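One structure below.
Order as written gives the chain letters A, B, C and D; numbering starts at 1 within each chain.
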Amino acid sequence: MDNKRAGSMTALAVVLLALATLPGWAQTAYRAPRMADGHPNLNGIWQTLNTANWDLRGHAAAMGRVVALGSEDAMPPGLGVIVDGDEIPYLPAAEAKRKQNYENRLKDDPEVKCYLPGVPRATYMPYPFQIVQSTKTIMFSYEYAGGVRVINMDKPTKSPADSWMGWSNGHWEGDTLVIDVTGFNEDTWFDRVGDYHSDSLHVVERYTPRSAETLTYEATIEDPKVFSRPWKISMPLYRHVEKNAQLLEFKCVEFVEELLYGPLRKHPRNDNP
Amino acid sequence: MRRKWMVAAAAAGFLAMGLPVWAHHAFAAEFDADKPLKLQGTVTKWELVNPHSWIHLDVKGPDGKVTEWMIEGGSPNSLFRLGFTKDALPPGSEIVVEGYAAKDGSPRAVGASLTFKDGKKLFLSSSAANGAAPGTDEK
Amino acid sequence: MRQHPFRTLVCAAMGCAVIFLLSAPAIGQTPGSVTKTAAAAKVSENKAWTAPHLPDGTPDLQGVWSNATNIPLEKPRQAAPARPGAYTNRQANGDLVLHYDNAQFGLDRSRNVVAEDTREYLVTTPDGHIPALVPEAQKRIAERAAFTRDHQWDGPETRPLGEQCIMWPNEGPPMLSEGYNSNLQIAQGPGYVAIMQEMIHDVRIIPTDGRPHIASDIRQWFGNSTGHWEGNTLVVDTTNFTDKVAFQRASENLHVIERITRVADDKIQYEFTVEDPHTWAEPWGAKIFWEKESTPIYEYACHEGNYGMRNNLSARRAMERKAEEAAKKEAK
Amino acid sequence: MRMSALVVTAALLAAFPASSQTPLAATKVQTANTRWTVPRTADGQPDLQGVWTNTTITPLERPAELGTKAFFTPEEAAQYEKKTVASQTGDRRDGGPEVDVGRSYNEFWRDRGTKVVGDRRTSLVVDPPDGRVPALTPEAQKRVSETAAMMRAHSTDGPEYRNLWERCLTRGLPMLPGPYNNDFQIVQAPGYVAILHEMIHDVRIIPLDGRPHVTQNIRQWMGDGRGHWEGDTLVVETTNFSEKTNFRGANANMHLIERFTRVPRGDPV
């Protein structure tokens, strides 16, 4: 075998290794370890391995938004996470608004401005989050922008006002943690291509253990002002199994100050790419 | 239980700490003490956002022209704890604002005193002081 | 408004409450030893009460707590003035204070009194004062103050961290009363304790599995905390701060030890010790009681609604333009 | 490595979708060597693994002057090989400076091959029988000529107007021989076949588990391939090509069916 071919062999070996480790998707009945109260133990640091934050729909790779960033800003391809068809059922006027969001996405995506991501986007941001669960309390702490939710597991309560991360009431259905989220403002998006909602958004999330290191996450999304019917996304969540895994600070506010307030400086900078 | 409403003792602590002002930012930097104003208008929107809430107010000038003012108020979280919700100040409410205009000349002001037309203070109710939060219950 | 020279500038931007509370002592004060002191806090103790535990045996600190207090951190330097009347936002001459009505917005801090805690100050040094700054710290702080004086209006980075919505000055660690929305929630998972503070929705997730601190080149606003249980007390050790840390103008070498103990169903005793040889000659600490809060934590999404930053900078630029025009006129 | 040969046939269906359509009759692989059997992987699949080349000077389409002649005689093949090699060599100076620059390298760098395919066919196209790619539909003619005019007018305006090889994007599908590096490696794992194209290090990882194609919203340079076994033949169907690909006028709607069959070395195919 000549050198040229040896190089090819190396490349193939890498591919082969990747193939050998691809997880099977088929779900078998799995019984999760329990908390003292008998409910599944969802504690851990979780993260998705998908590109839903770029586009919930299936999408090929595409050029990014900032030329200077080259391939670092390119959109990674993804199979899509929408269940039953690959479309979001926008009402006609809402579809037009989504297109406008897409055109203005560099300026208008709340993620660009380090705003809290809302739900379900917080789940599939490319950052980990931690579930802190005791027999009394369930807290979701997200690394991105320090987002946080405490799930009310008692009698459902109502939000006093609209908020970024919504108002979460939870309950168990068998092994599934079901969280009903309302009380959203209209300022968050679902992804970087302008998929959006109004303040009538209602999200029902379902977290189901599927193996020791994975959960199945589903979210049903309803918003009569924007969508003609409810629709659903589904994806696995993977556990960070590193022994020293922990969330670190991603307080992105200071990274966007130039973007948001730069022109108001005493000496505006002229070297922004 | 909780915290006691001990005005006298508390006020002592107040002075000891030398604080008439406690806020997210410097009021004097944003608003102009030399531009006191009194506005009467119709609420169009109440932004219950942190760190400060903002009341959007349509104010009709002497020439009949309507200007939308934005009035800065306190953190909404404390209002939630007093039992107020977003329904407490619906669009269309007529209110009177005494305050100070923004230094940069835009139609913004800090709402030092907010009252309804009859002089009753906004957000103040006798039940508000006891710490109950009725707004957080279902219905 | 009474202002200490060091605090003048920060006061201008932030309001003076906490700054005053935490202000540095006059130079030359004899610092006390932390270990020898324990300011008496007359919080009633129920002898029959036993601390609640989680099913796995760890003490249960969970719930929403308020650490609001207006007991000063240090012993007041001057005798407390005569007690004034109820809160008002009118000055003696009837003019409004340049501020919204605190009582109206539920921000009247006169409510922040922990029942039965009648102490005069929170620190546990024998003289009631924070130890003196070491010369290195005096120099560092003076330089920082001079920089702030010249550049505080230049842009967002030179505004106070609270105005930037990065962190509230008292969020710590150590954690002190924030002035308003001084609420925090504790949630416990197996092997860690999460403490969420309402202000800026900041969460500290503290592992209690004996792991070491993260690499020393990772520096964070809240440092890096590790915890362990000593009896019913959660002991939290925090290092790895940034050099921009706000607590008492300490350096990045700040080392904080917090001791959190539930002392009643509705009360937590929170003690801390801080040391930083680059700032203070000796370690010092304080004790604060937290009371159970009946409402949930509400979202404090500071940055998203931060009109204040934009308005402040824009007001400053408007003033500068005005001054420039005036100067031009003068010149003519 | 060349102990045996791999026969690859590809069929292009313009209609889309047509995944249920039976691909046109593949070249019948007739093995002269009856003692030879297809090697198998440990799990029983035909073993296609190894590094393969498709270098040949047999043209894709039968030269017009050959009319209905489907096969060369051995003598004709030798003559064709000699003529083609002579005409393709860049190591000459008979075209003037511009042509010479275009040739630029001598044959050391090229690897076009010197032989026609083993069965001496006169074209790589085996269907239709005339060995020619069918005519473009009027719609395609219009599209192709518009594209060509645009490319001509703007050919040096910017990178987007250069061809996909020059842009180092892909050599695309189907797998046809080019001037050099006509090498491919096949690796099989349970449920997958991976085909590495040396050029542009394109890798196709083709699932064999019967899953459907990805959503229509996803369009890729190399499309989306799905494979299955028909006897000892790997059949790969590829759809979901991008608007930006172009194989002789076909683009996003191209439906490609490839058949890979291992045959003994020396078989006259």
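Everything below uses one rule, namely that a contact is a pair of C-beta atoms (placed from the backbone, for glycine too) under 8 Å apart; a residue touches a chain by one contact, two chains touch by 3 or more.
These figures come from a predicted structure and were not determined experimentally.
The chain closest to the protein's centre is A, with centres computed as averages of CA atoms.
Seen from the C-alpha centroid of subunit D, the farthest chain centroid is that of B.
C-beta contact counts were set side by side for A-D and A-C; A-C has more.
For the pair subunit C and subunit D, the distance between mean C-alpha positions equals 71 Å. Chain centres here are Cα means. That of subunit A falls 41 Å from that of subunit D. Centre-to-centre, using mean CA coordinates, subunit A is 33 Å away from subunit C. Residue positions of subunit A touching 2 or more other chains, listed in rising order: 157, 160.
Residue positions of subunit B touching 2 or more other chains: 76, 80, 133, 136.
Contact between chains, per the stated criterion, is found for A-B, A-C, A-D, B-C.
Residues 48, 76, 80, 84-86, 133, 135-139 of subunit B are the ones touching subunit A in the complex.
Considering their complex, residues 1-3, 12-17, 20-21, 66, 68, 70-72, 76, 80-81, 83-87, 89, 95-107, 109-115, 153, 159-160, 162-163, 165, 179-181, 198, 266, 291-296, 298-302, 304-309, 311-312, 314-319 of subunit C touch subunit B. Of all residues in subunit A, only 35-37, 41, 43, 114-116, 130-139, 141, 145-148, 150, 152, 157, 160, 163-165, 187, 243-244, 246-249, 251, 253-254, 257-258, 260-262, 264-267 touch subunit C in the complex they form. Residues 1, 51, 181, 183, 185, 187, 189, 191-192, 194, 196, 198, 201, 203, 205, 214-220, 242 of subunit D are the ones that touch subunit A when the two sit in their complex.
Within the complex formed with subunit A, the subunit C residues making contact are 54-56, 60, 62, 153-157, 164-167, 185, 187-192, 194, 196, 200-203, 205, 207, 211, 214, 218, 220-222, 296-299, 301, 303-304, 309-310, 313-314, 316-317, 320.
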